[in-house]
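Some structures are shown below for you to check.
Each of the next two complexes has chain A plus one more chain, namely chain B in the first and chain C in the second.
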Partner chain A sequence: MLLVELFTQGLVQGSIYALIALGLTLVYGLLRILHVAHAAFFTLGAYVGILVCNASGSLILGFAAAMATAGCAGVITYRLAYEPLLDKPPFVALIASIGLYIASEEAFRVLFGAQGISFVDPPLQQQLLLFGTIRLKMAELLVMIGSLAIIFVLSRLQNGTRLGLACQATVSDPQMAESFGISLRLVRDLNFFVGSALAAFAGVWVALLNNLVEPTMGSVPSYKALAIIVLGGLGSVRGTLAAALVLGVVEAYGTIYLGKLLDRNAIAFAFLILVLMVRPQGLFSRR
Partner chain B sequence: MNYEISLMTTMAISVLFALSLNLITGFCGQISLGHAAFLGIGAYLAAMLAKAGVPFLLTLPLAMLLAGAVGTVVGLTSLRVRADFLAITTMGVGFLFVGIIRQREWLGGELGIAGITGSNMSKLGYMLFTVLCAILVMALCIYLRRSWMGRVFNGIAEDEDTMRVLGINVPRYKLAAFAIGTALAGLTGALYAYHFQYIGPDSFGFVESITVLSMVVVGGIGSVAGVTVAAALLSALPAWFQFIGDYKLLVYGSLLFLMIRFVPDGMAGLVRRHLGKRRAEERGK
Partner chain C sequence: MKTAVLRPLVCSAAIFALAATPALAEIKIGLNVPITGFAAADGKSALEGAKLAVAKANEAGGINGEKLELVIYDDQASPKEAVPVATKLIEKDKVVGAVSGSYSGSTRAAAGIFQQAGVPYVVSYAIHPDITLAGDYMFRVSAMGEVQGRGGAKLVSNLGKKRVVLLTMKNDFGQALAAGFKEAAPKFALDIVAEYEYALQDRQFGPLVAKVKADNPEVIYASGYYFTAGPLVSQLRAAGITAPVIGQEGYDSDKFMEIAGDAAEGTLLTTSLDRDSESPVTQAFIADFKKATGIGTDMVAASTYTAAYVLIDGLKKTGGKGGAALRDAIAAGSYETPIGKLAFNDLHEVSKDIQVQVVKDKAFRRHSVIHDPVLLAPPSKSGK
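For the complex of A and B:
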């Protein structure tokens, strides 16, 4: 029974990782930048979500506000921070991103305090019993369904709309795409908006699950998400989803059975290194 | 005066650490996001040996040896994965190191190791010793860069495939860069342990790794003088910022971002451009 329960917990964690990593994959695929500051939007989303939900009493409004704010912040970050650095070597943008992330984490601490904030009346906390055996919180069930649905919709949009195809074209060959009349700026803005909004979406879910939002909540997911997009074979949406779920499950089992040897992060990264040594192109890359 | 001596020692240690990463990332172009792990290996080995009564001067080469050996193994990964994949792999190595240390009771676990015996030198003597080490390593770096090996490193950083076509044994040189760089990090770690006389897993985590990388990039990747100045300045910054207390990291992060955003090629690039402009003006006259 423990095995099944761990598996579900792993999937819950994995779907949150997937939401965060997805935005990172979009950015990486487009700009080849390891966007560490992505986790700042995850934290931002969680804060906005809680504040709006507490003020208005509506969780849906909280989600909407969080995603809109983080999305806009993402676009602004792209314009101010990354666009001017695009022709520089990639580690320049990486350092800029790290600086931005450190500053934002501190800004949250200064603005909202180091203790963190919580929901006044946390929604979706009822316990469910699935198939008579698996105990889950409502929020845990919904985050799994929600992230799968969003990723499904996103991949449909990517393959079924002109804009989605424009994004794909830009990923594979920006110059060619531009000469076919695609506005690179529009595509990049859009990707930053969607990616950051997804991170905020994940942030609100984590806030719901833990009923706590802290300034440092983004640091561990940000590194994990980097590991996940590498595992998924950089830039692939489906690969990212699969890698996130696999990592979530590996961590869940690992902490129980290897907890004495290594801590949670070390297990995740040991798994990553192992996979990369065997398959340097990532788990799910066709290359 | 004691405070200044201690600060100076810290700065020399940072310079050493940054130069050791500069060898791998700057000279040879292999990004490492887990360099603090090798600082940690050196520091933990030195701490354990010091507790066992091994003399100071003997622990330094041993720390270099162990860190260099582990570094060579980690360097093997750079033969398998490149660029961003390598960055993430080395980041993973960093997390793995901290994760292993945390769960080892005999290495102090979460609490770390306190009460490490000093080096038997006076504070001033120890400062002079670390500064001397830093100067020696600077000289080594300048020598290396001008040597055949340094030129190959540069070639690998610029374009690995071309070097391969030229018949250069690229893996051997990459491993050499990792071995030398991580051994120097091990040496720095030992000096670190004797200086602070306390080490814990948090001192060698991801934050430390990116701090040192930012020193290298702010200084101007590959430039020995630039990296030295940047490491000295950035390591002293938090101490100078004491007066803004709570906002220390906020200012640090913002400065790092602004610096790299407006001067992407670092201080060395800034100086080079400035000199170039002056020379052009003189020629114009």
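For the complex of A and C:
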């Protein structure tokens, strides 16, 4: 009973991790950059979502605005910060990324205040009773369904459309792809747009679950998502999804049964170390 | 001819006089406060509280006609920032006294430096025991974590409840509260069913909530700040848990109610600010703060206002002099403040009642007052 509830809570958390980590894994797969500043788009999305929803009264509009804003901001970040560094060693981009993330936290604080903001009338807070035993908020149920749906659609697009194939070609051999007429820039812009929009999507869900958006809300996801993409075998969409869900569930049980020994946020890394000792290529990598 | 020679002289003399006057007539007091970083929200309240105390004192004529100047530095609530901040306040700004509007980590780091320089340091809401142990130039206007924790245990007993679950925030504030609560629990025959810890960064408590629900306690004693407590209380209520939640002064912010919404109703907190107090000083502070900032006051603002007020009161007695004279003046005083009547013991801690507030119709109202000088005695030189 308790075990089932913990499992469900783990899946809710895991779905959010999956959405955040997915963008990170797209960028890593494409450019081999560890995009720490990705978490800034998660926070940005949450702010835009709440502000637009509060102003318009429409949550759907909030989601759309959040994803569009973060998507565009992601493309701009790529063009301004990462593109000029592509021929430098990867740690240069990593340092730029960490700097960007820190700057973004302070920018949010200056723009929106340190205290954080909330929904005036938070939507989707209805209580549901699933299978007669599991109590969930509507928002918790929808975040699971939403993230699975979006990841399913994404993987269909990746394998079933010309653009998706172009992305994959760019990952495996950028030069060859370019000589076949694929625009590298378009593919990279697209990846940053989709990845950042997904992070914003996750941000709005977290805002709905906590009813609080703060400048620092991305700090834990920023490094936890790195652990997840390593677990998922760097660059693999399905691996990332699986790793995120597994980590969510491990954390849910760990919080209760290991809480005295290990911080919840340390569990992810203890788990990461354990997995890497046994499977250095990550949990789900086929390589 | 004559005037042509004199004019530049007169002019320069006038400029000199103008430039010199304000520099001569200002008494500087320091404030370390987290303006950026994770504690920036509390820092803002603290800053406004201290500014209000200084503005009030200056309106009333300053110290013998000399104006007070508040020198403000951002310590990010971080020990490594607090050390240079304290040094700057002492060496560069030559403050006669200082106020901490910050958390325990940075305040502890700064305390030793102020003590060594012989600069009185009045601490507002940092609750770590080591702070006043740094020496006799340290003063604290708030009740320490352990003391508040003991008060929490008494409140559970006053509510007629026995079975408690502790949700403890993993920092010095949360752990000090839990330690005090557990120390006093046997006195009231409380049954601590379980204790769970969570990190300061946590906002999603799904697994904890599921476990608390299974434990089915009569009351939940949860330490936290409004930014953890808001999501926590709302998630507890969403899971159908109806047991009363007891929080502490960290909940004491209008933001708590904004985040938790209807779930906040009925939450109890042990704090130092009684918004329904009959004291004219408290009511005047609440009104002045609203007028100065446009926002409602909270515990942090009231405590930092009080700390600055205590320091300024000491300066009034010494005529603006710092050092040992100021230390002795502060130690000897008794104060009517927004957080109650205060007097310092030999360790420069205050003994006071705990104000229990309850959230009712989206506002903090008086629930009860815990008056128990023995249980709530702060540590003293002779005692500990």
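The rule is simple: the second predicted complex is superposed on the first by the 287 of 287 C-alpha atoms of A that agree within 3 Å, B and C clash if a C-alpha of one lies under 4 Å from a C-alpha of the other, contacts with A are read in each partner's own complex, and residues count from 1 in each chain.
As a working rule, contacts are C-beta pairs under 8 Å (C-beta built on N, C-alpha and C of every residue); 3 or more make two chains touch, one makes a residue touch a chain.
A quick note: this is a predicted structure, and the numbers were derived from the prediction, not measured.
By the touch criterion defined above, A:Leu186 reaches neither chain B nor chain C. When the two complexes are overlaid on their common chain A, residue A:Ile256 makes contact with chain C while staying clear of chain B.
When the two complexes are overlaid on their common chain A, residue A:Val12 makes contact with chain C while staying clear of chain B.
Touch criterion met: A:Gly99 reaches chain B, while chain C stays clear of it. Touch criterion met: A:Lys137 reaches chain C, while chain B stays clear of it. Contact with chain B, but none with chain C, is seen for A:Pro280 once the two complexes are overlaid on the shared chain.
Touch criterion not met for A:Ile76: it reaches neither chain B nor chain C.
Look at A:Asn265: by the touch rule set out above, it reaches both chain B and chain C.
By the touch criterion defined above, A:Ala107 reaches chain B but does not reach chain C.
Chain A residues in contact with chain B (one complex) as well as with chain C (other complex) are 106, 260, 263-265. Here chain A touches chain C in the complex through residues 1-2, 5-6, 9-10, 12-13, 106, 109, 113-116, 118, 122, 125, 127, 135, 137, 140, 206, 209-212, 214-217, 219-220, 251-253, 255-256, 259-260, 263-265, going by the rule given at the top. Taken in their complex, chain A has these residues touching chain B: 28, 32, 34, 81, 84-85, 88-92, 94-96, 98-107, 110, 223, 226-227, 230, 234, 260-270, 272-273, 276-277, 280, 282. Residues 36, 38, 40-41, 43-44, 170, 196-199, 201-204, 206-211, 213-214, 227, 230-231, 234, 238-240, 255, 258-261 of chain C are the ones that touch chain A when the two sit in their complex. Those residues of chain B lying in contact with chain A across their complex are 25, 31, 77, 80-81, 83-85, 87-89, 91-93, 95-96, 98-100, 102-103, 206, 210, 213-214, 217-218, 221, 246-247, 249-250, 252-261, 264-265.
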